[in-house]
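In the two assemblies presented below, chain A is common to both, partnered first by chain B and then by chain C.
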Partner chain A sequence: MAVELVTGNHAAGYALSAAGEANRNARGAVCGIYPITPQTEIVEYVASFPFTKGEVVPVESEHSAMGVSIGGSLAGARSFTASSSNGLAYMVENIMVAGFYRLPIVMVAVNRTLGPPWNIWADQGDTLMLRDFPWIQLYCQDNQEVLDTTLLAFRLAEDRRILLPVVVCMDAFIVSHTQMETELPPQDRVDRYLPPLDLPHRLRSEHPVTLGGLVWPNEAMFHRAEIDEAMDRVPEVFAECQSAFSKVFGRTVDSAIETYETGDAESVLIASGTIAITAREVVRRRREAGEKVGLVKIKLFRPFPEAQLRAACRSAARLGVLDRNYAAGAGGIFWQDTRATFQGSATTALIQGYLTGVGGGDVTPALIDAVLDDLMARSEASRPQWMGLEPPKEDIA
Partner chain B sequence: MIEIRVHGRGGQGGVTLAKLIATTRFLEGDSVQAFGLYAAERSGAPVQAFCRYDAEPITNRNLIYEPDHIVVLDPTLISAAITGGLKPGGWILLNAPEPPERFREEFPAHRLATIDATAIARDNDLGTRSVPIVNTALVGAVGRMLGFELESVLASVRHLGFDGGNLDAARRAFEGLRTLDEFVSSGESESTLPAPTPPRPPSFLDGAGGALPQIRTGQWASQQPRRQQMVPPCNHVCPAGNDVQGFLQALAREETDEALDILLRVSPFPGVCGRVCPAPCMDNCNRIGLDGAVNVRQLERYAADHGTAVVEAIAERDEQVAVVGSGPAGLTAAYHLARFGYRVTVLEAGEELGGLLRTGIPGYRLPDDVTDREIDRIREHGVEMRTGVEVDRERLLELARSHDAILVATGLQELRTLSLGTAGAEGVIQGIEFLERVHHEEVRLDGERVIVVGGGNTAIDSARSALRLGAQRVTIVYRRTPNEMPAIGEEVDQAIEEGIEIESLTLPVAIRENCESDGGTGGYLLTCRSMELGAPDESGRRRPMEIPDSDFILPCDRVILALGQSPDLSVFPEGTEVREGSRLLGLIETPVFAIGDLATADGTVAGAIGSGRRSALHIHETLSGELMEDVEHTEARRHVDVWRDEVVHPEAMRMHLFELAHRSNGAGLSPWERSWNFHEVHQGLDNAGEAKRCLSCGVCNECDRCVTFCPEGVLKRVGNSFLFDYSFCKGCAMCASECPRNVIFMSQI
Partner chain C sequence: MSTATTSDTPQAAEQPAAPGAEECLLRPGNTNCGGCGMSVGLTLFGRVLAEEELACQMAIPACCGIVTAGGFPTTSYNVPVVATTFGSAPAYATGMARVRSLNEEGHQVVCWAGDGGTYDIGIATLSAAAERNEELIYVCYDNEIYGNTGGQRSSATPAGARTTTTPSGKAESKKNIMEIMAAHAIPYAATLSIAHPEDFARKVRTALGTRGTKFLLLHSPCPTGWKSEPGESVDLVRVAVASGLFPLYEVWEGATYRLNLEPDGTDPAEYYRRQRRFGADDLDLEEARVACERRIDRIRTLARQFPAAD
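For the complex of A and B:
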């Protein structure tokens, strides 16, 4: 397989296009596109891809971009798009529609701080705003993981047991615009991994139906429960998709959660995205210094991998959750879900939240050291801590 | 792991340089990263890019705070601040023409290297003239500095799809790098500036979110837009000196009175020129290559016929000036002198004012009432006009004693002739004399066969007049072809439409009577010789050459000669050199100038008007010492930074920004309606919409594209002046590239 020096955006564009092209013998590919920094290169890549069958439709807004992909998916095409930040916020109504329609759309989102004030740097607040929608969410740490996870997302989404859309997330610039060596799989491998899409409820002109019309409350509740069942099946199907990936591409793709040195760790950091890879280096260094520290990288955020997380942190006394996002009036969102996960479990671990790199700041090894120092010195948890904030929060009048 | 930081300006290719360095190592098997530090600033902002490489897989996802080496793309960024965090002994590579020693003092603790990447990029045509792209040169320099193989560097350049000049640039920089491989070790990392404590950000509630940018982005600019006014080709070639672009734009704004006012500041004869001018402005109109010249002649007529304007006198003075001759040159000079306040007397030998306007141009082209109207306007400025006053040499000296200045504008009174022998001399008449008799209604040509010899306007006027006076057949005999005729092309076309024949490449050599007594049919026989065109002569037209033994005979009843005129200098002392601007009658103190055709032999009304105006200014400057031209042009400069006396050629215009539009020709009488009477042929334009086709070459007409397209919003129009806020203008040149008419240009800082 060819290794090339490409950006995260290029990797995502490559994966979306190859996945779409793999459906050329079925109903083809459909992608509604609308640009926004820092994901524009993704839709540019897709727009310039010579699809054998399908349509790339430039539209006037993110809302319509998702609308096009919904239409394409309902017609049986492998459909996808990409967006970011306030663009996602504008797309929200149709994002929700795609989920409730149970369409296996894949969207790549480049995590960018929501404005105003304007800011183009990494913050997960945009995709986490979608956390209560019927979408599977996956967070990636580098270019290769973006490419591999995007391919995996189609297989996961299109599985008959799932049939839910997936959003694949990466940090703005740190991944999206950084050139790194990345393995680009040839089309025939992608073809093998992604068989033609056969959507059970696709619209067919020979049998006209109205999909999504008025339903009674009991029916609506039933549909919600169906989604709940599908979400419950995601960890299992995700693992199947992973092993199929290894068979076809000859390399592994990260699991729903990845653990590092958690076996006997007393203090465990929980992180996602590029912060996880930096945290891993810090943990490696402090392990060498004899400290009992470990790391859990969360890749699958929705559904939240509760069982795996509980298992990974069985022995830990302290959990420090690093969030590059902030839910107003609550704190970090990964922290909230971590607390909920351990509620009612046998674990009595102290769970402390840390707000790091909110608004796109560089989360350096020194900052993570400070997090670990704070965590290891704690006897009780407090409200989430703002790390690297100048002046400290207490001084803000 | 090696980490490199690149300092450049947005748009210079710093990120690509980082990728080029990374690719060099990637192709050698290293793990690499290349990334930029992005922000909202665009072109010209100081920006950074980063590259790291290592034989081991790289896991670091942070920015680079303590680089091993730095590269500076832009010489203007070289300052101590760029070394922040740089490890002691690290390389500093500067894009600069100077040797590295030149920077020793500024950067003592680091190894230094320099390369003139800008010159290398320019030599290889990389980037644009204003923004050379230096990254392919610099990767060569980096490669040499860090001990890479030249082949690895070139492979990287090729891998990213660059070729040709880029490869050469990399190679030249690799070979030409100058290094200073030593530094002062201070033990401590003395050169590493301490990380500054970030200032407390302002609260959102303090309005910080909406504050204007604190960065004076104008400091990033390497070029700035300036406004200029250049000379439109129409203005440049107008023999009268009219502000053609100015009056057209006034008409385009539907300000007909303003258009007439602009014309009347130069010429008292817009109604005349709007009918009879050969309009060199139209031959030089930049619109020709797009969809045909703007119909300037008819628009001038429209302004004259439909506008109302009174040009006020500028001053009142005591000096007296006499003008001899009331043709367009003399009357124009009188008009301007009167405007400047002089007491002017025009002396005309004939019974009517107007010179050849009156007697030389037939009424179907220039009706008398148009000439009357424009002469009346001159008279209203206080010019005294006297007819029937012959001025000979003695009278001229007399006038010189009683006036402060004399202008002689007697035109071309000597008529060129052709030696055709005496056998038929009574059948030959001069065109000018013929037209004068036509004017006085003294001639009819019913049933005659008329031959007109010549190719100028007098020839065409004579031929068409002859037709209107009942001639049975009119033939123009011309020694060149219609393409070389000096006459207005439209007039030639109309003559042909009316049935006038043209015998090209033909030279009459003799005439004799076709006596019935000798078996002839009456009238005359004109012996002609065929010609062919040889090499071009001094006029640029191909010289006609006689073809031997090619004589043939044309029977006719009358021959009209229209071969041109020359000045009658008998009024001046023998041997006087007569040309415009040179003072005559050197023995007396009073300035005496010859003007118009007498001085220039130009032969057009517009040329006579120009000469009259220039001479009036000359007299005024001579008598008062004031420079009028400066005063008159102040208005036209319209707050531009630069006035350039350069003509705007079509290549300088952005023609793709203009929509195609057909030319309006206006209505005219059909040949059937016109060829038997002296009714004015052309009926003029119904409206001045044609003026909207004027491109306003080189002169701002406030189309505001520059204001609309300025991405920074730092260009404002206030009235007809434009304000560039240079403290925020980054020199992106968008305004210049969107200006359709070459008014905005970029000047290097």
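For the complex of A and C:
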């Protein structure tokens, strides 16, 4: 398989395009596109891809980019798009619709700080703002994981037991603009992995249904309960998509959660995205020094992998959750869900939240060491701690 | 408009058969208000589609047009309909139309939207679809009000009209959406009136036979919002055409014009007088007459200087 030096954006563009092309013998592909830093290279890649049967539509806003992808999906095409930050905020209304219409749309999101003040660096607050919508959320740590997870996302989304959209997330610049050696699968492998899409509820002229019209409260509740059931099936179907991925591509794609040295760990860090890579290195070093520390990397954020997380942290006395995001008045969002996961379980672990790299700052090994030092010295949890926080420089005048 | 006939009506057998339910765009039995222009518009539009034996799929944003469908699991529409977000009908329709073309299917993709969804919240989306010249028909049924939410002003509300958000009459003039669409140089834009069904049908057929984005503006009486008599709806919009308040005209490529019907000198006051949304205190009738004359003059001039080819 070809290995090339490409950016995370290139990897995402490659995967989206190959997935769209794989539907050429069915109803084709549709992608509404709109630029925003730092995802623009993704839609540029898609726009220059020579689709056999695909339409890339440059529109006037993110709201319409998702709108076009929704229309394309309703008509039975494999549909996708990409966005970031305030673009996702502007797109929100149609993001919600894609989920409620049970459309298997895949979106790659480059996590960037929401403005104002303007900032283009990594922060997960943009996609986490979508967490209560019917979208599956997957967070990636590097370029290969972005490529592989994007392909997997289509198979997961289009599974008849699921039929929900998926957002694949990566950290701005650290992944989106950094080149890494990445295996780029040939089209025939992608074709094998992604069979033609046959959306059961696509529009058919001979079948005059009205989609999205008025329903009564009971039907609305039933609709939500069906989504809940589909969300419940995600971990199982995700695992099936993983093993199929290994068979077709000959390499593994990360699980919903990945554990490192958690077996007998007393203090466990919980992280996602690129922070997990750095945390793993810190844990490796401190294990060598004899400290009982471990790491859980969370890839699947929605639905939140509660059972797997509980199992992974069974022996831990202290859990430290690193969040590159901040929910105003609450704290880190992964921390909130971790606390909810352990509420009512047999575990008595102390769960401490750390706000790290919010607004895109580097989360260095030294910073993670400081997190571990703080966590291991704790006998009780406090409100989330801002780590690496420095007061802004004084005005030069 | 189909009139109900009973089996004991002597002439029933001789009358031309109304289209059967299976060929109607809008099925019988919907719960729209009496005198609703949009309902008549849907019927006339559907008849042309049936005559031309064309299938269609519709994208309808938030508006009375989607409420028309009724409650799940029934629907008043006899074609596939997608409820879109308020500002998004042309975006959803773009995706639908592109996939239709990719798969070489023959159905029409139609946006059916009110003035709120067209003049206000949807204008960016509509403008962008028109600029890309998407293969679709966009019908704006313009009742000059947010009717579905109980009658608030939109930028299509004419000056002087009382709405729930302009209780002493709207101060600003109605936005000229036809000229905005013409400025996009789309292949075809035309105004429709339910008082002129032959003209209406001819324009729909022209739209069906034209490639690219087609924009049709339907003057759609709303007795509930206009505070007019339901039985007078057709008459009211006939007066609007005759007085020049709502000229029937067509624009090709934003370049050539045709005025379909020369106003006959009817006083616009006749139109205002029959709607209680226009209070005598709020409406400057003389100003309205001048604005009306100026607008029709402009279209006359354009049609003379840049006449459409026959």
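Quick note on the criterion: the second predicted complex is superposed on the first by the 390 of 397 C-alpha atoms of A that agree within 3 Å, B and C clash if a C-alpha of one lies under 4 Å from a C-alpha of the other, contacts with A are read in each partner's own complex, and residues count from 1 in each chain.
Everything below uses one rule, namely that a contact is a pair of C-beta atoms (placed from the backbone, for glycine too) under 8 Å apart; a residue touches a chain by one contact, two chains touch by 3 or more.
On a predicted model such as this, the values are computed, not experimentally measured, just so you know.
Visitor: Could you check whether chain B and chain C clash or fit when both are placed on chain A?
Guide: fit
Visitor: Now for A:V234: first (chain B), second (chain C), both, or neither, which partner does it touch?
Guide: Touch partners of A:V234: none, neither chain B nor chain C.
Visitor: Who does A:S61 touch here: chain B (first), chain C (second), both, or neither?
Guide: Once the two structures are laid over each other on A, A:S61 reaches chain C alone.
Visitor: Go through the superposed model and pick first if A:L128 touches only chain B, second if only chain C, both, or neither.
Guide: In the superposition, A:L128 contacts neither chain B nor chain C.
Visitor: According to the contact criterion defined above, which of chain B and chain C contacts more residues of chain A?
Guide: C
Visitor: Can you pull out the angle centred on chain A between the C-alpha centres of chain B and chain C, to the nearest 10°?
Guide: About 60 degrees, rounded to the nearest 10.
Visitor: Who does A:A22 touch here: chain B (first), chain C (second), both, or neither?
Guide: Neither: A:A22 stays clear of chain B and chain C.
Visitor: Taking the superposition as given, does A:D362 touch the first partner, chain B, the second, chain C, both, or neither?
Guide: After superposing on A, A:D362 lies in contact with chain B but is clear of chain C.
Visitor: With both complexes superposed on chain A, which partner does A:L152 reach: first (chain B), second (chain C), both or neither?
Guide: neither
Visitor: What is the contact status of A:V30 with respect to chain B (first) and chain C (second): first, second, both, or neither?
Guide: second
Visitor: For A:P208, using the defined touch cut-off, is the partner it touches chain B, chain C, both, or neither? Pick first, second, both or neither.
Guide: second
Visitor: Which value in Å is the smallest Cα separation between chain B and chain C when the structures are fitted on chain A?
Guide: 19
Visitor: Hey, which residues of chain C end up touching chain A in the complex?
Guide: It is residues 55-57, 59, 66-67, 69-72, 75, 77-85, 87-88, 90-103, 105, 107, 124-125, 127-128, 132 of chain C that touch chain A.
Visitor: In the complex, go through chain A and note every residue touching chain B.
Guide: Going through chain A, the ones touching chain B are 5, 38, 116-118, 120, 141-142, 173-174, 177-181, 274, 277-278, 280-281, 362-365, 390-391.
Visitor: Which chain A residues qualify as touching chain C in the complex?
Guide: Touch list, chain A to chain C: 27-28, 30, 32, 53-55, 57, 59-61, 63-64, 67-77, 79, 93-94, 97, 203-216, 219.
Visitor: Touching residues of chain B toward chain A in the complex: what are they?
Guide: 18-19, 22-23, 26, 31-36, 38-40, 58-63, 65, 197-198, 200, 204, 208-209
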